[in-house]
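Each of the next two complexes has subunit A plus one other chain: subunit B in the first, subunit C in the second.
Moving on, here comes the complex of A and B:
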């Protein structure tokens, strides 16, 4: 598997990964290893900028518009249709802010934390199949990999919280890590119940396993999406995911009414932008994981070329859900948060795992 | 191309994007040093005391508990991957596939029950907070 698998194109026929496709399109694959490396880098650049564009739309514009709609306001509407050009204005505004570094900050860690938060959030998208051939890499350990790299952000949050030399930041960083580790286990264990259905960790195969029809109903095929096969696991995963990305009702790490802004209290200018970016990337990464393992990935009606459209629709649906909860659900306290995680979700996720295993074992 | 080279390329992009934004910001932003601008933010008050404050022991106990369960999930993953194949092949009985995992999870759940009973997942309160809580009830 070591050498042979690596160079062979994807086994299940029509899916070709993005680096190879770009290599063919640009003719770079004719230039040996250097050309392939460049094509791979270009593919990574495309994925990185696609996700950056999504967060760019989500952060300065969509978030405001959605919250405004929930609270019966209009929000940004001056620049361009629906105020969409506020994205450009905000990008310039935020990048040209003065950077104020608190006087007791631990310098290398304080500067590195935003890079860790933003960079690590991007890493997970490498293995997410986005449809229409937009899929950077497809290692056999895909799902384990994506859980592993999405955990790196906790490190960045602790670095940010500790190095800011601020009481609010310190508490915020500690809360962030306590929350992430409390909900990491239910998240991974619930993800594991999907692995039991699919029998693989490879993302493309998990998506392929969901393509078969579950039941046919008046000539209409209901796909075998794991959200429909096991709705209990889907709900558990959604809840654990919201806690993992620190969104309402689990936004205790940055609870503005208690600890100002948590770990990002002392961050300004581009550093603030990077941490904010990392958080949005994490919401989308969570959406991407949910879409891939529960909602059939890029599957949807119409030709396969529409895959990326369906994928984006699905992750924006998850994003919309986070914003809905933000407007509708009150925040839990830190002690409630720990109890929900360790006493509720953890036990439920193990019950789900065992039940899934037993049902799959008996039915097979 | 190897999958891991592609992931490495994305890691490089993930490093270059923040660095690029920092570089652009460095060129654009003003620097106006003023006294007390860099003071630690404490809601506009003059900062008091150090910032390495004492915090709840609970953060430590849940982190210890996490280590145990995180290793457990790592050990469960290989089992979950081969489970479907093992069930579908008739060479092993269901009890043989399911039994050891059930025992393994059961041992850890006993551990969780023990930690639960000993208050490791119950938010630790100072005596004063506990007294205030019992007053309220």
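Moving on, here comes the complex of A and C:
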């Protein structure tokens, strides 16, 4: 496996998914459907925990350190090197807090909302090829699936908003819906322009299509990443994605200082952790989608076995960008946000679709 | 101790703090008010006229329309042994040294006065406070509720026969319940929302009773008083010499030093205390540092309201504030409650070695322009920030005057009014600096005013440092001789104002011949600036309500006193 950009880590046809590999390694594939199922569960367990571990690092530690760097501070530095063990301390702290449930909360919905928010994001990672063989499933409608499941999160936000019996939560929940509807359409339409390029919805194929060199000079190959082929679509998708995950300048559903904490105002202890987990997972899922359809997925210099490393680097780059915006960019007002979504991004995303069709037509 | 540093006063300019040469034309006023004047009253700061309780509106309208007195700076209610008095302190936005005082004397058994609210909107809150604390009723007042104390409070704390020992036993049912389950009227499609008293954007304990129609603010009613400590009474219990100025630090606690001057100025005027020129320079310089403290915090917390999280710009504000605090700590020995002012001067000279401290200040001032540029890059130059702040929270100049708005709030509405220049005190009129105004009338203009005022403060400090550096060593008198026990003549009363970071802070003092004031009244700029909030927020989005509140830069310690 001699590396380089030219080597696609997941070649069409010979894709080996994680469950199959686990089945082979453990010998579970000899046990028929039951073994296959168990292998799939194991694979899902591995991928889920990988993502949760990343969130665990990001939430209590990395976010603090990054924000501190932007704002001239030091942040956590007492426990362990660079304060990294604050993760453990925070885990204990958050889990041992009292769970306060409002008297008038609409119980099943109130309890389900955090699980829906966190779960929907985790589901999305199932179809994302992370390189080094870490890829749970590769359905033909991968991209549509990922948009669909990440859209479920809005449901969780509405549930959290109305079931908390708090007016701030209600406003936050309503804002979340308005925002997600306004930005999901440009997001999907912009995603479609990638489909036009790649000619498929299958994630592995989209990655493979980006592996070929776009141009090459002085022996250096510039890969055919769609961010480079169509930067316009890339920027549109980035912007819509920030609204989709509710981060500055589009964090109106939470809007601290305005509506306290929006839909999550009444959540404490483990529920709070779950909602926050869901938010971070969504940022990472957004990063994962961007990395997959615009940044060549796990592609990068070095052997293909390093794919997962490159993939995580790309996700964290997107995460870093959200934190940068959070530190430096004000929040738009809700009416401005809706206006930008419907009058700006939607129009631009359709323009981009037509542009893409023309480019593809000319290239063909 | 400060007393040991006292030396023979040198270089004192007795007229310095009493520049009244272009005062109001008394004869013209007398003839204008001849029909209404019962008799004249003696006030140190302005000609006083005693008028009838039912002539208040007419006289105010006459003074406003015929003589240009468009600023009802303060309303002082008080109780004497034989009567109540409601004193109106009027002045002009265009000419601060033109002052007139209207005294309404009310019988003991029935303290009822005509309301001034139809002429000056700002009288609304003034009169509510007067009713709350002293018990004077204002006939025709549109909203005669208590303002600082709870609705259910019994008695009026600043009356002479008020029993402080008596417990306030009030059952919970007598209180308005802010969390009662349903505020909704049948058929209404609005939502009642309590913003505060515990809310991230109220910058303290402020409660906004808000009615929302979707995201739009239909009505907002500020409910204040959570931090009320009856500072006025505490000041009345203290002695002039040392026990009042420290309280001033507790009013606007984000920029304390300018407050101290308000007290010092009023008492010095009352007792004819002179301040050495050298001390005036020290005062001027330290107060401008104090103003910077306030403005850095105002801009950074406003950014917090618009950005929504502890962001870079907030930390920039904290970073620069920290440097100023270090400088003031070296100067005063304190980081928050400075108590640097003494009657007749200040507590100490510059810390030794002087050169080192002056160097430290100069370093800060040298770096300031680049830091202010950072604010403009990150904050006022940001397109989204402009989208959020320009044309939101609009406060028209006429409305601002009606509500008695002062300070950066008024200057952001294009009102060229600054007590430092218009009624000069300290060393201000010897120095080169400008009053900053912006015509935007919106949230953006108020931020710009504050940022530009930081630069003006820097100019003032720089000139003061030059003066201090070259001041002859044997003429550095930091305090004049002030009697240890100060007993101004009985019956003298005065109302003096200074410009603090938030606007015009006024202090009314009346002496009864003892060594503590018989009446001490504080006119807080935050109080009046906040009263204009409904004008700025009604009909706007709830996000802009929060931004407008932030741009008013209120400090609840100063609002509630």
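Operating definition for what follows: the second predicted complex is superposed on the first by the 351 of 364 C-alpha atoms of A that agree within 3 Å, B and C clash if a C-alpha of one lies under 4 Å from a C-alpha of the other, contacts with A are read in each partner's own complex, and residues count from 1 in each chain.
FYI, a contact is a pair of C-beta atoms (placed from the backbone, for glycine too) under 8 Å apart; a residue touches a chain by one contact, two chains touch by 3 or more.
Predicted, not measured: the structure shown is a model, and the values here were computed from it.
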Considering only touches as defined above, state whether A:81 meets subunit B (first), subunit C (second), both or neither.
neither
Is A:328 touching anything from subunit B or subunit C once the two structures are fitted on A? First, second, both or neither.
second
Check whether A:338 is in contact with subunit B, with subunit C, with both or with neither, and answer first, second, both or neither.
first
Which partner, once the models are overlaid, touches more of subunit A's residues, subunit C or subunit B?
B
After the superposition on A, what does A:100 contact: first (subunit B), second (subunit C), both or neither?
first
Looking at the overlay, what does A:260 touch: subunit B (first), subunit C (second), both, or neither?
both
Touching partner for A:47 - first (subunit B), second (subunit C), both, neither:
first
With both complexes overlaid on chain A, does A:274 touch subunit B (first), subunit C (second), both or neither?
first
Quick one: is A:301 in contact with subunit B, with subunit C, with both, or with neither? Answer first, second, both or neither.
neither
Touching partner for A:71 - first (subunit B), second (subunit C), both, neither:
second
Contacts on subunit A seen with subunit B and repeated with subunit C across the two complexes:
167-168, 171, 260, 334-335
Under the definition above, what is the set of subunit C residues touching subunit A in their complex?
191, 193, 199-201, 215, 303-312, 314-316, 319, 378, 382, 384-385, 387-388, 541-544, 546
What residues of subunit A sit close enough to touch subunit B in their complex?
6-7, 17-20, 23, 36-37, 39-41, 43-45, 47-48, 52, 92, 95-104, 114-115, 118-123, 125-127, 136-139, 144-145, 165-168, 170-171, 174, 177-178, 181-182, 184-185, 188-189, 192-193, 195-201, 260, 265-266, 269-270, 273-274, 334-335, 338-339, 342-343, 346-347, 350, 353-354, 357-358, 360-362, 364
State the interface residues of subunit B toward subunit A in the complex, per the touch definition above.
1-7, 9-15, 17-19, 21-22, 24-26, 28-32, 37-43, 51-53, 55, 58-59, 62-63, 65-66, 69-70, 73, 76-77, 80-85, 87-88, 94, 97-98, 101-102, 105, 109, 112, 116, 121-123
Subunit C partner, complex, touching residues on subunit A are 67, 70-73, 167-168, 171, 248-249, 251-252, 254-260, 326-336
